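First the structure, then my questions, so here it is.
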């Protein structure tokens, strides 16, 4: 259904301005995270920028959100559901390695219990992806089935033709609905130029074959390779929290007075020592190597087995931000005999 | 660098140490901590401006401590440490976490490090802690490597100026910190990289009672960041790893630096100076200021 | 109209918590009572054994629970029932106070005193002073804004009120 | 958990400003509260019965009483709870009287506050854990520090009750200041005549181990189980051999190098000396600082003189450890006798009185020696400067005492009496002598004390002048005392032959040092604090450490003796059972989570934190953790607040309970 148009940057910004004026949330990559744009002058739309330090995950799966509220009375507890903020969120200029993240997570949030919070937010997302024109030593989107020009997950997709013009591809019906009111800004596409630009994309070299990794992981649950990583990793959750598709969470009850409180859903990280700590005191993943093994297995084996998708977009955020420079690409590449 | 590799290799060959904790190069402008037990692997060791990590944090890790433990007792661990990192060693010794006799400190004569990986080493990109550094080499170490060279003059600009923030009215300061802390996602990278955050279970992970709300809402974030700074008051040695590790770019060292200044101003105490000093918290002077008290 | 009047006009009464040691200040507060001294009813006391046992996180918790001000009070230096608990406490508070001050929490929000068992008058004076201080600077907005994030009103409370009104009405109407 | 709430009206004391029925009614709605009631007098028998009945009928697990301060009736209600079958630590008191009804006037706000106080108590009691008392064994031996009259009395009382005593005295002989006194007020009986038999009794008592010339180095442990380390200083005389014949003393060639401290500097003593003839033990000491042997390795006259070869120049200080169950501190006092303010002293001197400058301006203790039959003048009143008999003596009271400007605000209590005594003695010995006393007030409260002072004035014609002396200076061999008679309102000039200063009693210089070793608090002067000024006058705040005599405050002899006997009886009470019961409010470490930083150990005022090794399978230590000795811990909780990982909890005040209270605000 893809239809291609041409749009000038200034017109694109006009559309953005309108989005803001309408009171919808406009997200764009900022210095270290996706930020809510208050004024279009803040928008950079730089295809050569590296991925932000963390993805826009928190707008669809917040770092902390109330699930319900409770109030204790003498012989009873009253519950109130938390209402989900289903406001429209427009993400402008998302990297191809980010755009698909919601689709990947969607399976997890819907396979058994349908997470209304996630679904409602995801439904209101308008994803405007943009072709990526750079990569560094940590990027490996091509190894996990993604690419700098992938439209996967985007409702609209931008291809920068010059500083001033973009090719705009309408990828989904949702994208079309969004852009229809602004059709007056769109011109006819110069598909040849677009193709040229796309073919000049700098693909990161393929580092590994996910199928081989999958197969190797199945055979090497116990492998001395995990030990070395266990010694260096310091067990923080930077990797998990920066990751566009890591989705583990913790449920805690939080009193805010002696009788009232709320049940919160908070991000959790599998590298934390107490992530799997049982109430009995037993911890099945008591040492760091087991925890890192879990991380890799979850991403490249378990998730694939369960949902047929790799739980990784190859954005390289976890490696770039790792305080001790652990490189997931390097580790996964080494997952072979 | 070669000297370090040779020396470390010898240590392992002679079984004087159980392991060497050092840096290896990964990429052009980045190093990674490495734990070496095989003498031949010592060729991976490097010493340069990209040796950012404070490796002292590893000395107190259960996994690393286990390496040093054998049936015969406890063997030494060798650690590569910048002179500023050695202050963390001193602090850990003061707090009974490690023993000097179980350590082989391999120090580097340091001429400054970059503020973050991937930067070119020059005056613009000098790490904040190196700007006014006056300990380029250490006498506490067992051996020092490399030559002493001058630290480049800082020509960059710090994002946040402590004295400017101090001068803001209280409500503005609270606003500033709340805004900064609101960014926090509670990944606890700051805690993980801190050599002095060695608790078996951090106060923030305690659930009965819940000391610090684990949620990353404003209140939970404020409490966590304040308590983190409080627990490091008079202990933090200013290695700045927390701030570097923070994926959300929260200026954590502002608080640490402020508390270090206060410790000095109120009690004349500087952390990590000498193992003979009593710790700031845990000791008292009858003459401590009574100004706060009605 | 000064701040204090403004805040009082809104019908606002500050909520103040005191963490006091069992031996000196708690007994001092008892003495204020036996001496029938009068002070504002805004402060509630939480008794601990020694001022050295008050964790700074207690104070953050108190703010989280809506306290507008906190007092920590113990024995005078050298009078500590446990010899040195208050000396350790003093150092801790010096640091903590500096930290909160830097983080932008007004100095009046967290106050400290030494009140002995014989200083009932001082206790009453201190409570009066801190209550006035807090009335002056008003509700602790900084923390209360944080508290309000993700909170919800329970309609049930409204229901209760309604029920009460109805029963009252019935009573009036016979 | 089912909680009962009991709101007391305290007659009208609470109900006058707190609407008690409303409090009880409102609190009934708190989740967990099964039963709630108000009553006129909860502490009365019917009130307690009400509690017991409610527990039975409503099957309550814990109770909250809204009443007076826990300091008043916590015990009462805990006993009532025990009688009803509830653990006493599942009782919480909401202080509705002292902290609420008595201090507030507005019924509405006081009632609201009362509800909140009860709510806090309810939330705390929900989290309270049942606790039981801790039993600690007792070592039935007492350490007495100080061998003055108080220490002697305490030692004898304890020993006579059948328990062992270790008596430590820092001087070569016991006896203290009392052995220096001439006669004692108000009976004028000879001090040594009444003291010496007791000193001998101490020395011969089979249950008393006497350690003179010894000092306490440190005391560890806790009530019932102290471990005292004592330094026995080298006398350089083998005590086991020495017969006390005194040959060495008389042969010592050093005659005029060292002043006798027993004689208060009014006489010399040799390098090897017995402080005074009645000394116990009667064994000399060699003063290394003046002995020729220690100065140049020669001499040895004493060695030759001693036919039992008891001289041992190589003797070293020795350390010994005594296990004791109780400590009685009876370290006494010294006199404030500062002419000028010495460096580092907190007291300003009395330079204007010429003490230290004029030889005939002396202090009270020096006069005692001059008046003593065994003193340097054999009891004849003579001036230290020229040995002449003084005809006119001015006694000045309150030198130092009651003078905040000089650093001492308190009254030294004994000076009025001893000045009267000294003036009287002077008049008895020098019949044509004139005695003048400058006083501020005469404080003669005590049996026969006032009569005694009146006797000095009326029978012995001592001239009492109410007023202060401004200055003393020497003129033509006389000391001109310039003062004021504030009753007559005229200046007074007296040309005295001698001046006696009744200087203040102050603690020994090292009193704070010893207090820190023993672990007891002291006041700003250095006097040791009693646990309660009225009800626990001989207990220190450290359990098992008792106080006797002037180390606590200025005391005269009968008071010191009474206090000593009281302290002894406290120790004996302690020994009356084989183990002690302690309140279970103690701290406990979670060893799994302890990171072994030992900040708790650094802050513990009682040394209760020990190091415990956690070993791996091979027996190699992989972790050191803190362990709190339940017997030593006094339950202050300072460690709990210091612990960074919150791995310590104080029973009865644990963090969860306090958090619950905060939440209930």
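Read from first to last, the chains carry the letters A, B, C and D; within each, the first residue is number 1.
Here is the rule we use: a contact is a pair of C-beta atoms (placed from the backbone, for glycine too) under 8 Å apart; a residue touches a chain by one contact, two chains touch by 3 or more.
Quick caveat: nothing in here was measured; it's all calculated off a predicted structure.
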Show me the overlap between the contact partners of subunit B and those of subunit D. A, C
C-D or A-C: which has the larger count of contacting C-beta pairs? C-D
From subunit B, which chain is the farthest off, judged by mean CA positions? D
Using Cα averages as centroids, what's the distance between subunit B and subunit C in whole Å? 37
Give, as an integer number of Å, the spacing between the C-alpha centres of subunit C and subunit A. 45
Distance in whole angstrom between the CA centres of subunit A and subunit D is 71
Residue numbers in subunit C touching 2 or more other chains? 56, 64-66, 78, 84, 88, 92, 147, 150
Do you know which subunit A residues sit against two or more other chains? 64, 257, 264
Enumerate the residues of subunit D that touch no fewer than two other chains. 592, 603, 642, 646, 655, 659-660, 663
Would you pull the subunit C residues touching subunit D in the complex into a rising list? 13, 15, 17, 26-27, 29-34, 36-41, 44-50, 52-56, 58, 61-62, 65-67, 78-85, 88-89, 92, 124
Taking the touch rule as given, give the residues of subunit D at its contact with subunit C in the complex, in rising order. 69-71, 95, 97-100, 102-106, 109-110, 112-113, 116-117, 120, 519-524, 529, 541-542, 585, 603, 605-606, 634-638, 640-642, 646, 650, 653, 655, 658-659, 661-663, 665
In their shared complex, subunit C is touched by residues of subunit A numbered 64-66, 69, 71, 78, 80, 82, 256-257, 260, 262, 264
Going by the contact rule set out above, which residues of subunit D touch subunit B in the complex? 592-599, 602-603, 616, 618, 620-622, 624, 642, 644-647, 655-656, 659-660
Interface with subunit C, subunit B side, in the complex: residues 165-166, 168, 170-178, 203, 211-213, 217-219, 222-223, 226-227, 229-230, 233-234, 255, 258-259, 262-263, 266-267, 280-286, 288-290, 292-294
